[in-house]
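Pasting the structures here.
Presented sequentially are two complexes of chain A, the first with chain B as partner and the second with chain C.
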Partner chain A sequence: MSSQDAALVPAGGSPQRLVDMVFRLREYGIIVVLIIFIAVTTSIQPRFLGEQNIKFVLLNATIYALLALGETMVVVSRQMDLSVGSVLGLSAYVSSNLFGQVHGIPIPVVFLVGIGIGFVCGVVNGAITAFARVPGLVVTLATLYIIRGVDISIIGGGEVVASSLPAHFSAIGSDSVVGVPYVTICVAIVIAIGTYSLRSFRAGRELYAIGSNPEAARLVGIPIARRVFSAYVISGAIAGLAGVIWASFYGTVDSTAGTGYELTVVTAVVVGGVAIFGGSGSAAGAAFGALLLSTIATALYALGVSPFWDPAFDGLLLVLAITLDRGIALRLAAVMRKRTFRHEP
Partner chain B sequence: MNPEPVIAVDVSTVAPTSSGEPPAPSSTPGVGEPQPVNAGSGRFAGIRGLARWEVALFATFVVVFIVGRVLSPQFLTNYNFFNMGLSNGELAIMALPMTLIVVTGEIDLSVSSTLGLGSSLLGLLWMHGWPMPAIIVVVLICGAFLGAFNGFLVTRVGLPSIAVTIGTMLLYAGIAEILLGSNIVSNFPSTYTNLGVYGVPGIGLSYSTVIFFVLAVIFGVVLHFTPFGRSLFAMGANQEAAIFSGLRVKRTKMILYIVSGIVCSGAGILYTFRLSTAEYDNGTGLVLSVVAIVLLGGVSIFGGKGSMVGVVFAVLIYSGLLDALLLTGFPQQASGIVIGGLLLLSVLVPSVPEFRARIRAGRHRLRQQVPEAVIVHSGSAVRPLETSNISTRSGQGGPSI
Partner chain C sequence: MTVASPTPGDPTSSPHGSADQEEEGSSIDGAQPAVVDDVLGLGEGASGPALVLEHTTKSFGAVHALVDGSIELHWGETHGLVGENGAGKSTLVKILAGVHLPDSGRLVVNGREVRLDGPAASRAVGIAVIHQEASVFPDLSVAENVFIGREPLRSGRRIDFKTMNEEIAVVVDRLGVRLDPRRIAKGLSVADQQIMEIAKALSLKASIIVMDEPTAALSAHEVDRLFEIVELLRCEGTAVLFISHRLQEVFDVCQRVTVMRDGRHVFTKPLAGLVADDLVQAMVGREVVDRAAGGSQQIGDVVLAVDHLSREGVFTDVSFTVRSGEIVVLAGLVGSGRSEVARAIFGIDRRDAGSVSINGRRLRSGSPIDAIAAGVGFVPEDRRQQGLVMAMAIDRNIALASHDHLKRKGLIWGALERDFAADWASRLRLKYGKLSGNASTLSGGNQQKLVLAKWLGRNPSLLVIDEPTRGIDVATKAEVHRLLERLAAEEGVAILMISSELPEVLRMGNRTLVMREGQLVAEFSHSEVSEERIVAAATGQHQDAGSLVTTDAVGPGAA
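Now for the complex of A and B:
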């Protein structure tokens, strides 16, 4: 009896540990795919790993990864935030327009304004979703339209041009250390903190509980409405922050900034291993998903493949990722069933 | 000049009343009849709620058209009706299969990409000199395959439809880009592109509008008056129960996705001829409007609830509102505020009574059930009971004390 138990332990111990291991493997899987992709591309086109190119890929991925952090919090709790692209656009315009409106405004204030705009949008999304108990998908589909409409009415036909931005602000995206932009490092730290909080803090764990079984979460006394509300507020604030960074990257901000980002972000999150119906996945995985999408886009370009292939690749990747997840989940369920039977007698 | 529009007002406010009001009440017994066995009070309550929703939609529709007439004298003219139908026809057509899919509790976000892919394929084949009738057939078959791929992933592989169709939305749009690249095909024969210039003889509405109304009747009859259509509600309300009661859930959903693919690629053909251009990004972003219309029409995003009458009114409100805003010089791009606001209202208003009831229940519970809460939550109140009742387990109960 004891020898049998001992034999079982190295093979994965309790079912809980097995599940943990498999989901960690899922995240490593993304990294492995990423490395293979980079290796293959580099072997064909050595300039792919040039400093300029790495910087470009990282900058591109930074915004998506940041948005993916907020989106992960929302998706993990079985909701969805489709308004991130519009929030990003509004925040990018209003914050960068401040430089022209208020002379010599300090950059931190601009960041605060951007985050504040996102925060307000998040409060609206969260309040309607959590307290009126309306599906977040529908609410944020509506606010996607509304916020974009507000953005367009504010902008009119105008745009912010790069020359009106102070040099310090534009430098946010261009200053780097060994090819890695400072802002990417900052965002990576934010994502690390976010991943840790989601995994280890009580409020974070409760988001997973809500996502995996809302009814059970309610019965054990988790304040569902409050948690979902906070997830939306954080996601909104992060989208606002991403808007300011977007403005510093691209310089030129018009009313189309961030259009369609929501779908790329959801794709990145799902490719990164977050279950679309909540309950599992991590922000780090989602960030790697964003990095993978951004790498693929650039790699196709570097390989001389027409950029027209990029969306098809993203779509295929998403379908493959969810098919794989489904396969893993089914196998895992089968293995765990077998294991409980073995333990029972 | 003046008397004519005034007459038109009377026609538009009276005519829909006579033609639009009967469906709502008459659908109630019609919906209830086929399955009297299952008709509990909850069911009727749901149907009554829906009927009320359709009445609200009808009232909104009337208000939109009256306000539109007040704001612009050009609003209620035949020419404007033609334009209104022309610019929203494809959107409206795509909302029909979407309604059926959402009723079963699934969603298809790839509709606009299917439209775009159909349009690109049409342009590509025309560029290669195929005869037009053959192209149309090929495009529709291609649409069926696109829908079948969605259906396969959702029903056979068992993936969540929202994730699948976000993926295929990107995938199909990507294939359209690959097919056509940056080419723009626009040398279509005028016999086909006249679709976007002339209306149906004798009616005056655009071809896409007439096709929409014909399809709406067909889809409406299928949804509300056939066993197939009724089974969609059963699947949406409770999929497990539907499976156990012998409904072929997978096959039905597969059929719906295939129908959606065919209809949307057909909409792609109309779209291409109307603009007489085939471009890879035709129809990008239409999907959100389609979903907005379906939800505005009172179809529940969770499935199991909704009616075709509601969706048709939602289409009319959507196109009327957009057109009225356009005529009054509202910035066209910013009209999203109004559409989004409408969508938000359409989900918020039905949840108000429940919200109020919940608040009242919450207060009630706080006042009344405090002692019970103490018993449930405090360990010391429960555990002694356990150990005293079950004497054989007293040994195991030890550690808890």
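Now for the complex of A and C:
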């Protein structure tokens, strides 16, 4: 909407409440879509809500949702991290390979190594983006290839096989309570903490401010470079963590692990209501976006649709989400335009 | 006196003695000759002036933006700062804001020499700057916008949203405006954005407030409200630096004025005893001859016929004509629908009802291509965003609308393009470095000439111009005016112009149409028109609005 329209509306008048409401709805809307989707699928194929199936969906969504947390931090500050898939792959291989190389290595150490690898990758991404001022999209497009290249050259033709992993490690994905894997619960808690932190700490709000208006952020003295750097480092560390979890889920790790994840994660983030040019959206929304994508993939399978259609549906959902946003925004502008004169004092 | 304290803007301190000299909160009716002495009197109790900037220089590469920047602010005064574009005002503001570090010079705030190496340092010494381009975060709430970077915290270093909302409610109350702290800033009018910035300054307990062109995008009654707030702050002892292109506003709200030219301090004087021409001469360094419109143009046939044009919720039943060789000015308040009518004529916005015809040919709704083909040129109000491709060469910008004439065998020939551009650049006396340089290298006035050149290259029969001289310095402004007059008189171009500056409206219009709340409410011929009549028609009031200077302002680009 244009500010001319708003000029005649008294501040705090009802059109704004309408705007606020719609923006809040946008975050919850995804949950509604999710419920409708599950209901429809279940009515056609009742086995869809079986425990095994739920577990599969949740595990699948867990990694994407975790990656989406880091990606959300980067995207709200008007940047992008395309390297998460490669970071996940490198971390998955190097960390799980430790079990074969160092006999009896404690699982927490393996996690720390994985997170450390992601951390280093994040530092590189963040430093080039924030301090050398190269657009993060380009930087991480480059590191997507570089890190994957490093991954391939380390692995050679080999792979980590499930039999080399300790039982406790492989059990991370399988232990569950009433069908919900423990790891999913842990990730959900991490995402909740992340969402709350982005909302309630200065550093978090400043990421939104940077994404909302970078020039104004500079004028009020927000340390833009430091904040963007931190976002990339956290996103990297999270991708590293996700790599270790990935290895525990799948057992077999070769050089293709995590290929293409970055685009799915960005899709989840946008479907989950995070503005692609920064400034708004939440990590919880992004996590629900990941859950929705995962549910759709499984539902298509359950309904007997060829899994080859899966990417097409993800794309369709992305277009729908953005079109819906745009449609709501235009509709809202039109409504407020027509209200302009009625609210004239 | 409380004024002397380092935080005279403290919300708890009540207006002190000097407020008695005037009606509280009404600053705009006329000059205040007695106030200057009073302000000087206040200074005695204080530890000298609020802020002194002396012989400051700042260069960006080979450009000497500031050669000798000096200014002195007193507690409890509103100090005007005027100068043409490029005089160094913005650089001076950015130095006070801590955005730029000066190359040399001295800055003393409240008796202490300071070095402002960042916005935080500037805030720490009690300076609040309200920037020209309002620095709003559209996705954050009003309260967050106000408190960004210094939010009140509760346990665990979490932001205390409750306290934040309460504190800003107090500040907003004190300003006597309605602004919900919890709403997001997206969609706030420019006036409300400015109120928000002022609330920020107040909550910072800033004792020195710098306002960079605060009225550029405000309507008359919003300007009134702003001036009341400025006067309130001044009476509480705040030092206000007020920068404006509109000289009458400086006379209305300021006690002293500093004039800058070419990065140098020209003079600082009390406004009592000065007239606008003194300032203009000092700004330009010579006398500006402002020729009144002759009205000798040959008015020809109807070029533009707008018939019962409506767009729901924006404007209703607008009908008028513009003839060949005629300049018609659309005046009115912000949001009265002037710019929207222009956009609908050119086909940027669709119309819901009515018709637009050029030389008898009816234009399709919502089709700028149709409008251009029919000979309409459109110079939008925001030339940087809408009028030019800033990152494109000057010659290509000029050629942008004339590609069909510059094509040979289906390709655009660089040589034809350059010759065409060079021709128009010299006809409009464009001042540029290289034609292959980006449009962004030009000054504001020359950018406007560039937009004009683009359309003149097509020999338009109708030129629609929204705010032709906004943000353009005095000398170039006169040049643009002469250019438009010549186009009408000599080339027979029909010109529909939107303007928010009354002197411009009075000077340029063969006819003046006034819009209010989406409707055409008055029409004046060149001999009938007067400031009072326009203001009365635009506000729907009677002649009591006569003291206003500028009818209104302009809807800014969307936030």
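Points to keep in mind about this one:
Heads up, the rule we're going with is that the second predicted complex is superposed on the first by the 308 of 345 C-alpha atoms of A that agree within 3 Å, B and C clash if a C-alpha of one lies under 4 Å from a C-alpha of the other, contacts with A are read in each partner's own complex, and residues count from 1 in each chain.
We adopt the following convention: a contact is a pair of C-beta atoms (placed from the backbone, for glycine too) under 8 Å apart; a residue touches a chain by one contact, two chains touch by 3 or more.
Just so we're clear, the structure is a prediction, and the values are computed from it rather than from any experiment.
Looking at the shared chain after the overlay, A:G315 reaches chain B, while chain C stays out of its contact range. After overlaying the two complexes on the shared chain, residue contacts for A:V138 are found with chain B alone; chain C is out of touch.
Contact with neither chain B nor chain C is seen for A:Y64 once the two complexes are overlaid on the shared chain.
Of the two partner chains, chain C is the only one touched by A:L219; chain B is not. In the superposition on chain A, A:Y261 makes contact with neither chain B nor chain C.
Contacts of A:F288 after superposition on the shared chain: neither chain B nor chain C is touched. Contacts of A:G211 after superposition: chain C is touched, whereas chain B is not reached. Legend: residue contacts after superposition of the two complexes on their common chain; A:Y250 is shown touching neither chain B nor chain C. Once the two complexes are laid over each other on the shared chain, residue contacts for A:F169 go to neither chain B nor chain C. Note for the complex: chain A touches chain C at residues 1-12, 15-17, 19-20, 23, 200-202, 205-206, 208-209, 211-213, 215-222, 275, 279-280, 334, 336-341, 344.
Residues 80, 128, 131-135, 137-139, 141-146, 148-150, 152-153, 156, 255, 260, 263, 266-267, 270, 276-277, 306, 308-319, 322-323, 326 of chain A are the ones touching chain B in the complex. Residues of chain C that touch chain A in their complex: 97-99, 118-120, 123, 129, 131, 133, 135-140, 144, 148-149, 151, 153, 157-159, 177-180, 182-184, 186-192, 195, 219, 312-314, 334-335, 339-340, 517-518, 555-559.
Chain contact summary for the complex, chain B toward chain A: residues 153, 157-160, 162-164, 166-175, 177-178, 181-182, 280, 285, 288, 291-292, 295, 301-302, 331, 333-341, 343-344, 347-348, 351, 354-355.
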